[in-house]
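Chains: A, B, C, D and E, in written order; residue numbering restarts at 1 for each.
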Amino acid sequence: MTVELLLGVALGGALLTYVLGKISPGLRNAFALLNALALVVMISLLYGQSFERALPLGFLGLELSVRMNMLSWFFAVTILGIGLLSVIYSLVYMRNKERLDYYYATLLFINASMLGTVVAGDLLSFFVFWEMMSWSTYLLISLRGGSKAIFAGIKYIVMSLIGSLTMLVAIVSLYVSFDTLSITELAGHVQSTTMGQALFVLVLFSVTFVIINALWPFHTWLPDAHAEAVSPFSAILSAVLVRKGLYGLYLLMYAMLGFSMLGKLAWGALSYSNVLAWIGAITIVFAAFRALMQNDSKRILAWSTVGQGGYMVLGVSVATNLGMAGGTFHILNHCIYIALLFFVAGAIEYRTGGIRDLDSLGGLIKRMPVAFVGGLVGICGLIGVPLTNGFVSKWLIYKSLVLEGRPFLAFAAFLGTWGTILYGYKFIHNIFLGQLPDRFRDVKGIPFTMAVPIVILTVLIFLFGVLPGIPLSVVDQVGTYLGFESLNVSIWGIPSETGTLNVVNLLAALAVAGFIVWLVLRAIGRSVSVDQDDTYAAGAAIPSGKYHYTVGFYSPLYRIVGPYVRDFVDAFFLKIAGWTGSVCGVTRKIYTGFVGNYVMYIILFLAALIFVQIAWSPW
Amino acid sequence: MDRALIDSLSSTFDALRVEVPREDRLTVQAPRDAVMSVLSFLKGRGYDHLHMVSCVDWMEEGQFELVYVLSAYGTGQDSASNPGEEIILKTRIPRELPTVVSSISLFKNAEPYEREIHELFGVRFEGHPRLTPLFLERDYEIPPFRKDFDTRQYVEDFFGSIPPVGEEDQDV
Amino acid sequence: MVSPVLLIAVPLGLAFLVPLISLVSRRAAMLVPVVACLFNLVVAITLMPGVLDQPVVEKIGGFPPPFCINLYAGPVGVLFAALIALAGLGIAVYAMAYIRTGPVDRYHLLYLLLLVGATGVVLTGDVFNLFVFFEILCISSYALVAYMGNKSGLEASVKYLIQGAVGSGLLLMGIGLLYGQFGTLNMADIANRMGSVNQVSVFVPLALIISGLGVEAAIFPLNAWLPDAHSSAPSSISAILSGIAIEVGLYAMVRMIFTVFGATSILMFMVFLGALTLLLGELCAFAQSNVKRMLAYSSIGQIGLILFALAMATSYSVAGGLFQLLSHTLSKALLFLAAGYMIYRSGSMEISSLHGMGKRMPLTSLAFTIGAFSLVGLPPFVGFPSKFLIVRAALARQQSIFTILLGFVLLGTLIEGAYFFRVVQAIYFKKGSGETGRSYAPAVALVSMFIFAALIIFVGIYPQPVADAVGSAATELLDRAEYVRSVLQ
Amino acid sequence: MDRNQLVKWLKAPAKMGHKYSLHAVYFCTGCGIIEVPPSITARWDAERFGVLPTATPRQANLFLITGYVSVKTLRAIIRTYEQMPEPKYTVGFGSCPINGGMYWDSYNTIKHLDRYIPIDGWIAGCMPRPEAIFVAVTHLWTLIDKDMADGYKRYRKHYAAYRANQEKVLRGLDWPPLFPVEEQ
Amino acid sequence: MHVVWLFLYPIVALVVGVLFLGLSRKVMARMHWRYGPPILQPVIDIIRLFSQRSASHGRLFDLGIVLSLAGSLIIVLFLPFGDVAPLSGSGGLLVILYMMLLGPLGIALSAGESANPNASIGISRKLMLAIGYELPLLLVLLAFMSRYNTISIVEVVRLQRATGWSIASFPLVVSGVAYLLILPAILAIRPFELVQAPQEISSGPMVEYGGSYLALAKVQHALSMFIGISLSVNLLFGGASHPLIFLLKMLVILMLGLFVNAAFPRLRIEQAIRYLWRWPSLIGLVGLVLAVVIGR
């Protein structure tokens, strides 16, 4: 079981799906499912192994290599896991849409290229897979057509092109000075770089990883891309693809430049991890309040992805083993519940005929209970309610922030959590609770294949929430791989002297108390169930299905916060785009269309050459 | 009241009787089909506020009398000199099939008054968007405000007909 | 041992046979260019391994070198000949289906002449011979631009003619001055004697030659003819022009600067000129709404990039420049061919008319997308290794000026990416108006597009053999003394 | 809290609970409501009897129908009464709900309210004073003690008759019957 | 001993909470210059409510109220009550802060299910008020955490026993003041009682709660009052060595709250948020900066 086989199966599978699609849709669906399943099995067999092997074919004199270690394995599992679930999900979700061969092939191709970036042993193959990932994502974002989707596609590809160009320059400058690109060797050489080059490489790499991770200044592409992409793909996009940026940061901060170099690069307080932490903090708060004001279900989730990215960066930049464990665990948690939420939003859209506007939905708990449970558990995970996985990772991040003496960052993170509670509840309330409008009376439940991923992810959220030991042991191994001493993890939580976390006591206490209260309610109280229209409206009989309070759900808060949270970064980028457009218009004027001018240009050029030579004779 | 208005009124419309019972009040008696034109004429002269529409039941003469009370807000530049003045326009319509053109096209706020008159007197207003019940829960053969509606008789036989509930175990 | 002269003689002979063959049957006339290019390709490939270590100097007319016109078939020359033959072959196959109306036999005659001119410029070792082949190339391209016979075609070719004539005039004056100064026309001989003359008097012919060749090579101030010429010419012609003609012009200029004059000091100016051409070409292309004009401006941009790379004059940079030249030829040819049939099917050259083409012509749109992605330099395609080499070369110079210029160059490629992706999105994701029946380009056109696409992907994934050839070509270009020694010994 | 109080509490807590915690629905039907605010505030503190106004019928168990009942208000009264949880008591406040009071001959007022919803206690007077409310409350205590305040049981038992009367007066009730009514 | 307290403590909290409720109604009445109900009136209300047949709006309606009451009961276990602190070992101040979220979340879910617009408006107000007072509260808590450099509340109480009440020690007095300014919002008493405003939105989330549901809701409200006050006692007034002293301190704070409750009219939600984000946050920020600077 080698990594090359894994990559081969992934890439081959993608191309084969397209070919099979031409033969018969059923075959293609089956093959896509089989391929995704096989990949998950293969990656699970690779657990614990860590090796590095050169690939037979070189590229322009550079030998390419692949490697497998705990860090790559951790990210690979998230990629392939979510990939499998979204393929299962899209079997029914995409059934009646057109261009399905193209969709499945590109989806698997994106998964394959993400896998490639994660298992790449040297920077060149990392870059090659990174580029393939970005242009294949571009091809899938605007699949649904429509002016907004096209705008989102262009915005994404321009920003990811900027990212990959800066990365190319950084990689080549490393290659030029050390003429090797394999990550392990580079880590060795890094000590001997000059300060200037280290900074140059650091800045360029972080620009790329900040763009793809949608942190604050370069987040503008994410809300459009996620809201416009097809649901199963936006689940992949926000769960895993955006986290490649974080994998890059790990490589940058721990594998290549190493933490000692980062320390040297700091001018007093302005160290790299400090700047990164503050960017993360701003992202959390800004995205939380922006998400508050959206009334499109997928846009809220997109903004929450932007926000949650901030937590991971906070965890990573604290650089203690606790913070690192928190940040890494948060990646896993976030990818579970954000995928779940996008699946739920997609199911709602699928069943209500494409309605994503939160102001016109309501009361769907009566018709789609499974979607409700998935949505509620996903939101609880997003908020970090105890007994869910989000709680454990956030607890780790907060504890590391507080103990490291960074209260203001912790404050931003806490505020972000409360913002999450507000928009999380808005998501649940406007879709599921309240009055069921008449037009949704006969909405059916979720089809089976769409329910499977939702149920799996819901169970995962609780499993990791109640038994955090399982994922934490993997996270701990990632920490040790990156060079942190391991924290002693028990199956129930983190027993440590400075305030322990023991989830079993929480679970037991809540279960007992809950059971007692439920007994009291059932035994003593006698209740008769009542229809949704039999509610108090000062004696009047309200028209059925029309009384659901959704429009302007947080309008008072919005009136206070609104002016401060305008997305001026987005406006700034659009202004630059407009400016380049006008510059292009001006430069086109040079070619006036008269032959006379053109000939005059030639003669002027010659005259200029000769004049300069005579005057200063530089040549 | 300025003479000019009275002269112009009597000159433009022939079958009008105009009196000035009080210093700031003018009563105009107009036939049924002239009502709308008089109203628009007065509105043109600045009397753009319709206080109310009411109805009087002259049972002996077999007629209803519709009373429109107009006044000027006095804000518009071409309004009458003294804002306090009122004009009362009266018209008589037969009692059997009482139908009148609704004045809602000129005065939007006439809608509830006309609905009330329709419900309680039975006068039909053509062109009225919603002649649905306003106050009463039930429909009556004779609209209640008509003089020939005997309330005591109605109460006795309608409310009398509601049987008391649970007679047998009523321990007084 | 096959002699390089065949590379020129055979196509020239076949060119003159075309009118005779067309009397017999029009279809046979179409096949002649294909046969000629195939022959050239085979000869070039057989020559290639031998030439890599020992260039072949072919003396015409039996006189010793300084007095005869000699052909210098070094790695550069043979590489270019192979490239011309390959591109010519693909486009000739495409033209069999594309060129139906009008004087078809004259088209094929001029087409072959253009190829002969190009191959001649690349192989010749004699300055005046270079001018002669250069004129053959220019004149046949003037005529071919006007082939469509419509108003815009004629107007464009007249403009091209005037500017080309001015350029050739300057070139001739330069060569005349050179001959006056050195009394010989053989490049190696001039290069040998260059040391003995003081630099100032040499500069005037250099300036003349640079601006003369610069017009054809389409560098910044001199390339005003290109947008009109390439957009109003028939697609196969604009493909060959963008693919071969301007590259050969650039090769000639570089050959003169590197080997004949050895004027290394002007290279810095050339680097700036290259970067400027790239930026202006991309900016103008961004503002276009007509597909072929956009492609024409992007050719200007790419030429700027190649010049930027070549003018840095290190072995990496010249190798990168030549590799970029090769990738540009392949991708731009594919783009023009694909655009040709899309425009033919949709009726107008506006991008707005290409909406929804993805559904109507799936294979042609796929070809267009592959060409676009490889031109922007995305990994699995041929554009990526060349971009990688150029970036490595720029950074290897370790000077801040080059890093800044590299920044501008990459900004140019970014803008290029922006407008190419805009078109790709219009093709695939926008709903097309009008009829939506699915239709395919004729089989022959598809075959030629398939050849280019296959090459682009193959070289993109496994660039090693091409990289070696380009590397040795770069050493030959840079090593002036070796050139002189191998010709004059 | 003397001894027998404690015994009573232990024997019948629910009944005692209802006696000493009568939450009234704060719903003003007619002119009588003007008497309720003074009874809540400082001068006649109703809270010492455990009487507290609540915002919604769901939370209440006492329904004070104050003043004349017009036909339109009857619809709201019935809906509110049906929304109150089961052991609920109603008190007719003033003479109008008893027999129509001074509007005895009006076509638009309800004469005998107890033909539409069960009433447990009456307070005569054309707007009795707040003290009368407390008299009613204490009277209600004795009724609850003797299990005679069974208005809600009567409503459940004779629901068909009540419903018929209601539908006769009001033009079609637009909510389903509270208890299943078998159509005759 | 420890296990006994594990079950006894919630019951004690319940009883004390209900007594507080009765006491506050009596004190409020006295302030309105009227007799007011007997102290045990809330107990009577609860018994009466339990005997009523209530209307339920679906399974989530029941589960939500159960979750909310269970959550509130749990938090009590984490808070030291004098020297008794059963579960505080397994999760410090962070866990308490997060567990305090379970109560409102449970009520929000069940009230949302009750399909009454008043309830939804009530919940949106509750959540907005929550983020309103959360901002200064976080600043205060972080100040305490970074000053005592721990996240376990037992540790905070133990340190206060050594260095005296934190309301008295210098850097934390500023944060203490900020905390007291936002205490009415945490306890949801009069100036910030806009979540269960009977007049405006007919008691907000509680609009559809009848019978036993209303009883549980009232108990949950009493418990959250207990938690709010006990948290402030633990943080500001140094907890207590014995539960009775702890009760005494809680009583003092309750009285303080009731005076405020009786005196102030109800704020509009916008006014409440603007107030909370202006003065208390500023003082809290100053407190945090001082705590960090001096705490180093």
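Annotations
One rule holds in what follows: a contact is a pair of C-beta atoms (placed from the backbone, for glycine too) under 8 Å apart; a residue touches a chain by one contact, two chains touch by 3 or more.
Predicted model only: the values in this text are computed from it and were never measured.
The chains touching chain A as well as chain B are D.
Shared contact partners of chain B and chain C are absent. Among the pairs B-D and D-E, the greater number of C-beta contacts is found at D-E. Relative to chain B, the most remote chain by averaged C-alpha coordinates is C. Ranking all chains by how far their C-alpha centres lie from the centre of chain D, first place goes to C. For the pair chain B and chain E, the distance between C-alpha centroids works out to 61 Å.
Centres computed as Cα averages put chain C at a distance of 98 Å from chain D. Each chain gets a centre from the mean of its Cα atoms; for chain A and chain C, those two points are 44 Å apart.
Of all residues in chain A, those touching 2 or more other chains are 534, 536, 538, listed in ascending order.
Residue positions 50, 53-55, 202, 207-208, 211 of chain E are each in touch with at least two other chains. The multi-chain contact residues of chain C, meaning those touching 2 or more other chains, do not exist; every residue touches at most one other chain. Going by the touch rule set out above, the chain pairs that meet are A-C, A-D, A-E, B-D, D-E. Here chain B touches chain D in the complex through residues 133, 135-140, 144, 149, 151-152, 154-155, 158-159, 161-166, 169, 171, going by the rule given at the top. Contact residues on chain D toward chain B in their complex (touch as defined above): 71-72, 74-75, 100, 104-108, 110-112, 114-115, 118, 148, 154, 157-158, 161-162, 165, 168-171. For chain D in complex with chain A, the residues that touch the partner chain are 27, 56-58, 75-77, 79-80, 83, 174-176.
Residue ranges of chain E in contact with chain A, taken from their complex: 10, 50, 53-58, 60, 62, 65-67, 69-71, 73-74, 77, 87, 89-95, 97-99, 101-102, 105, 108-109, 112-118, 120-121, 123-124, 127-128, 130-131, 134-135, 138-139, 142-143, 145-146, 149-152, 155, 202, 207-208, 211-213, 215-216, 269-270, 273-274, 277, 288, 291-292, 296. Residues of chain C that touch chain A in their complex: 158-159, 162-163, 166-167, 170, 199-200, 203-204, 207-208, 210-211, 214-215, 221-222, 224-225, 227-228, 263, 265-266, 269, 280, 283-284, 286-288, 373, 376, 378-380, 384-385, 387-389, 391-392, 395-396, 398, 406-407, 410, 413-415, 417-418, 421-422, 425, 428-431, 462-464, 467.
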